[in-house]
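Pasting the structures in now, so scroll down.
Next come two complexes built around chain A: one with chain B, the other with chain C.
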Partner chain A sequence: MNRPISTYKRVQQWAVFGRLWFLFDAKWQNPFDSAEKIAKYLAGKHKPIYHPLSDVGDHVVVINTKDIALPNKEWRYRMYYHHTGFAGGSSWTSAWELHNKDQTKVLWKAVYKACGGSLLRHNMMERLHLFPDDKIPQELMENISDHMKQLRPVPKALHEYTEEEIKNFPKVFEWPEDYVLN
Partner chain B sequence: MSHRHLFLQSGFIKTNLQNGVGRFVNQLQRINLIFCKSSGSSKGVREFIETDLVDFARANPGTVVYLKPRRHRGTYMCAEYLNGHKDYITCNNFTRDEVRKWLEYMKNKSGFPIIRLRKHWHTDHPSIQGIWNPFTHKPSYLNVTTFPEKERSEYQPLMPSATEQLLQIAEQVGFLDNSNTNNTTTTTRNTENIPPPLNMSDEK
Partner chain C sequence: MASSIVSVVRRVSLMRNPQSLYHFQFEIVNSRSFKRWVAPTLKIMKHRRKKAGPEPLRHRSVWLNWNYTAELYAFGRRLNETFRDETLRTALIHPSYLEQEEKQRQDLGVPSQAVSLKLEHNSGLVASGESLMNTYIKQYIRQAFPKVPEEGICEIWEYLVSVDVLSHVATHIGLSDIILCADFPPEKITLAKSLKAIIGALEFDQSKERAEYFIQDFVITQLSDKCIFDLWDIPNPMAVLQNILEKEGKDPAEPRLLWQAGSNTILALYYVGIYSNRKFLGKAPGETLAIAEEMAARDALSRIFGLTENHKPLPFGKQGRQLIINNNENNSSLSNWMLSKSI
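Right after this comes the complex of A and B.
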């Protein structure tokens, strides 16, 4: 016998199955490691209520995809293959070329691969929003309620330190004035 | 699951309005015993009626017992429950004892149809803390913060990096506070044309 659930319980249930919007800063992040984590959130596998038959995935908004950091020589040697279907129509595009064409494409392809081969993949990819810089449309920004943690520290470049910080940085010794460094 | 269970409905175990929290209400409201006065297949039911039925009715004042003699028909019992569900059991060639047992069985049922349980656990109160929702265990400052927020986003390593450790040591030694004076001393050292690493080791 099915009884209608009470108003309070109904609202509770809405809360349980509500979708969250996460913000992920891709600056200096490995896109292939990040894609694994993003795919997990898109599928809802980070939730205790996860079940493959229930659609509980969250939205992920990724910013700064132009600043992703590929490991080793991947920029040069990672190839993206495409075939037009015509004779001699195969082409290989290296990661740096693809990144020049579209600064979100490398991460998009990494997440697409990490989502697996199931029929749910396209619905999951629709919940992914990629932006090359940190400018997000206002209507997306209003939805965001939490951050996804970055997977590795963002290194601080020398030009980001102030003059004072560089001057006061502790030195073990000082080079002699007549010492030629380069 | 065999083919016999193909039409078995599936669902979750439940009780009637938390039956038994205040007092227990027997869900069996009415039991009909349909039997024939002459046929042999009703013999056990007739014996039960003659000997045990009055005791059963006295022991269960919440249940109405109906007897329905029907000529030359099969015998069965029909139980009606508080939720409106009806259940039948054919009692042909039952002994008196079997009739008593099946009557007990009908008496103790909740009235819900038999289903395949999807989960073998059930509770009316899932958690004292309440049901999990996506905001459980989230820090409350997220409600008033503006994104992107660096502290929430950035990776937090377990150990400080080598640079941070070096800065910590320098702070402990007092290197950072006297940095200006140190600079002056190093310049004086340079004028003396002594290699600085040697100079440092000599000081120690």
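Right after this comes the complex of A and C.
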């Protein structure tokens, strides 16, 4: 029996070129640094079979894009330029304004830039799924097989600690009984 | 009339320039005239060629410089084997050739008794070569794959002695030009028979051992980098695996989903592992759960039968010469196969 490809080799190839689905939580993450990492996965640069001309990237589902954290004064001073093509049609939108209009737009633009100028960029962007909060459609959730590590750990906010935890937190000194806080 | 000299561009080398692969070398030279007849002539020649059709396939011996004796000698030297001239000639004569010659003589009105052909055909050598090949290949495969059940051995053997494989080998050692048969171009079955006759001739002229090495070098090598499970199709691998485990007294095989990705997409990927009493047996990917499970069962069987991708290479060359075949018994059949017995 002569087959064009061995049965084992066929499924092996299927596995090699299979597209994985990664979950990325953008909460309190720098979108520009995150974009570099996401673009790497979208292009398939984390795989040994990577080649710039091959479309071998994976899918990335990003949640909580409404909670991205821009460094320094970027919310105010990062400008997104657009020109309508008509006279006087130029406009500059600051990052906070853009974020108010669409909570996924800042990260989308950051990833778009990080994907580079190759012809595969649009295919790569098709594989990026952005969600402002952590609500993902069930059918998309079923595809996900792995998650990407966040660039920096999200610290726990004070209101997330229980009363007991705060009370038992080790203290250097006790306030005097008669000391009035605030 | 003033003599006119024109400059023409002439291609210097007929071959491509080795320094730059894609360019020919050109130079500008002085010439008496442009040769305006060249292009129309070439056009007409091409048209005539197309009209006449392709060159008919002719036997090499049609050309004048054909030297059959030299070809026969060269054949032996190429293979590094020494044949007796008469044996080799006999091995290459098929009965169909003799019939054709007889008929030709009858048509010409030559009485067959007056000028007999005095030629022998190769049927005897074919039979002896075939029987040697059949036994040796089976013995060799059993030695090389001690854990493979007899069913698998038979399938591998069937592939190796198939007309396709044998005719392929025969063509590539240069038999198609030198065999004498009625059919042209020689049919696959004729080529396969010729190869068997050559093996028979080798056994007759030299020794059985030498003929066996020939089989090892030219026929069994066709097995290298072949996936055995492609030659031997097990219809229901899971049932076979369960059967084996049951006979071993082990827990039944249990398929488990190891990983999956993109389940709702067209590129869904599932990895299924097979375990028996929490002991790993095999794993494989697939586009559906059913395919992945079947492939995982196949993988488990390949691990049990010692047919994994990284199995020991077959003994060829130096290792093949040192191979001592001491096992003349059949491997156990799939229904009686047991892990403890096969090792």
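Methods note: the second predicted complex is superposed on the first by the 173 of 182 C-alpha atoms of A that agree within 3 Å, B and C clash if a C-alpha of one lies under 4 Å from a C-alpha of the other, contacts with A are read in each partner's own complex, and residues count from 1 in each chain.
Note that contacts are C-beta pairs under 8 Å (C-beta built on N, C-alpha and C of every residue); 3 or more make two chains touch, one makes a residue touch a chain.
Since we're looking at a predicted model, the values are computed, not measured.
**Q** Looking at the overlay on chain A, is there a clash between chain B and chain C, or do the two fit?
**A** Chain B and chain C clash in the superposed model.
**Q** Hey, is it chain B or chain C that touches more of chain A?
**A** Looking at chain B versus chain C, the one contacting more residues of chain A is B.
**Q** Is A:N168 in contact with chain B, with chain C, with both, or with neither (first, second, both, neither)?
**A** first
**Q** Could you say whether A:N182 touches chain B, chain C, both of them, or neither, answering first, second, both or neither?
**A** A:N182: touches no partner chain.
**Q** Contacts for A:T7 in the overlay, against chain B (first) and chain C (second): which applies, first, second, both or neither?
**A** It touches chain C, and chain B stays clear.
**Q** In the superposed arrangement, does A:T84 touch chain B (first), chain C (second), both or neither?
**A** neither
**Q** Determine, under the contact definition given at the top, whether A:H59 touches first (chain B), second (chain C), both, or neither.
**A** The answer is second: A:H59 touches chain C but not chain B.
**Q** For A:S145, is the partner it touches chain B (first), chain C (second), both, or none of the two (neither)?
**A** The answer is both, since A:S145 touches chain B and chain C.
**Q** Contact-wise, after the overlay, does A:N72 reach chain B, chain C, both or neither (first, second, both, neither)?
**A** After superposing on A, A:N72 lies clear of both chain B and chain C.
**Q** Quick one: is A:G18 in contact with chain B, with chain C, with both, or with neither? Answer first, second, both or neither.
**A** Once the two structures are laid over each other on A, A:G18 reaches both partners.
**Q** Quick one: which of 77-85, 149-157, 185-193 or 275-283 on chain C sits on top of chain B after the fit?
**A** 77-85
**Q** Where on chain A do chain B and chain C both make contact?
**A** Residues 1, 12, 15, 18, 20, 145-146, which sit in both footprints.
**Q** Taking the complex as given, what residues does chain A use to touch chain C?
**A** 1-3, 6-9, 11-12, 14-15, 18-21, 59, 139-140, 142-143, 145-146
**Q** Write out the stretch or stretches of chain B touching chain A in their complex.
**A** Against chain A, the touching part of chain B is residues 14, 83, 85, 112, 130-135, 138, 142, 147-149, 152-157, 161, 166-167, 170, 175-176, 179, 186-187, 189-190, 193, 195-197, 199-200.
**Q** Going by the contact rule set out above, which residues of chain A touch chain B in the complex?
**A** The contact residues of chain A facing chain B are 1, 12-13, 15-16, 18, 20, 23-25, 47-49, 58, 63, 134, 141, 144-154, 167-168, 170-177.
**Q** Can you check the complex and tell me which residues of chain C touch chain A?
**A** Residues of chain C touching chain A: 159, 164, 227, 229-231, 233, 259-265, 267, 269, 271, 284-287, 291-292, 295, 298-299, 302, 309.
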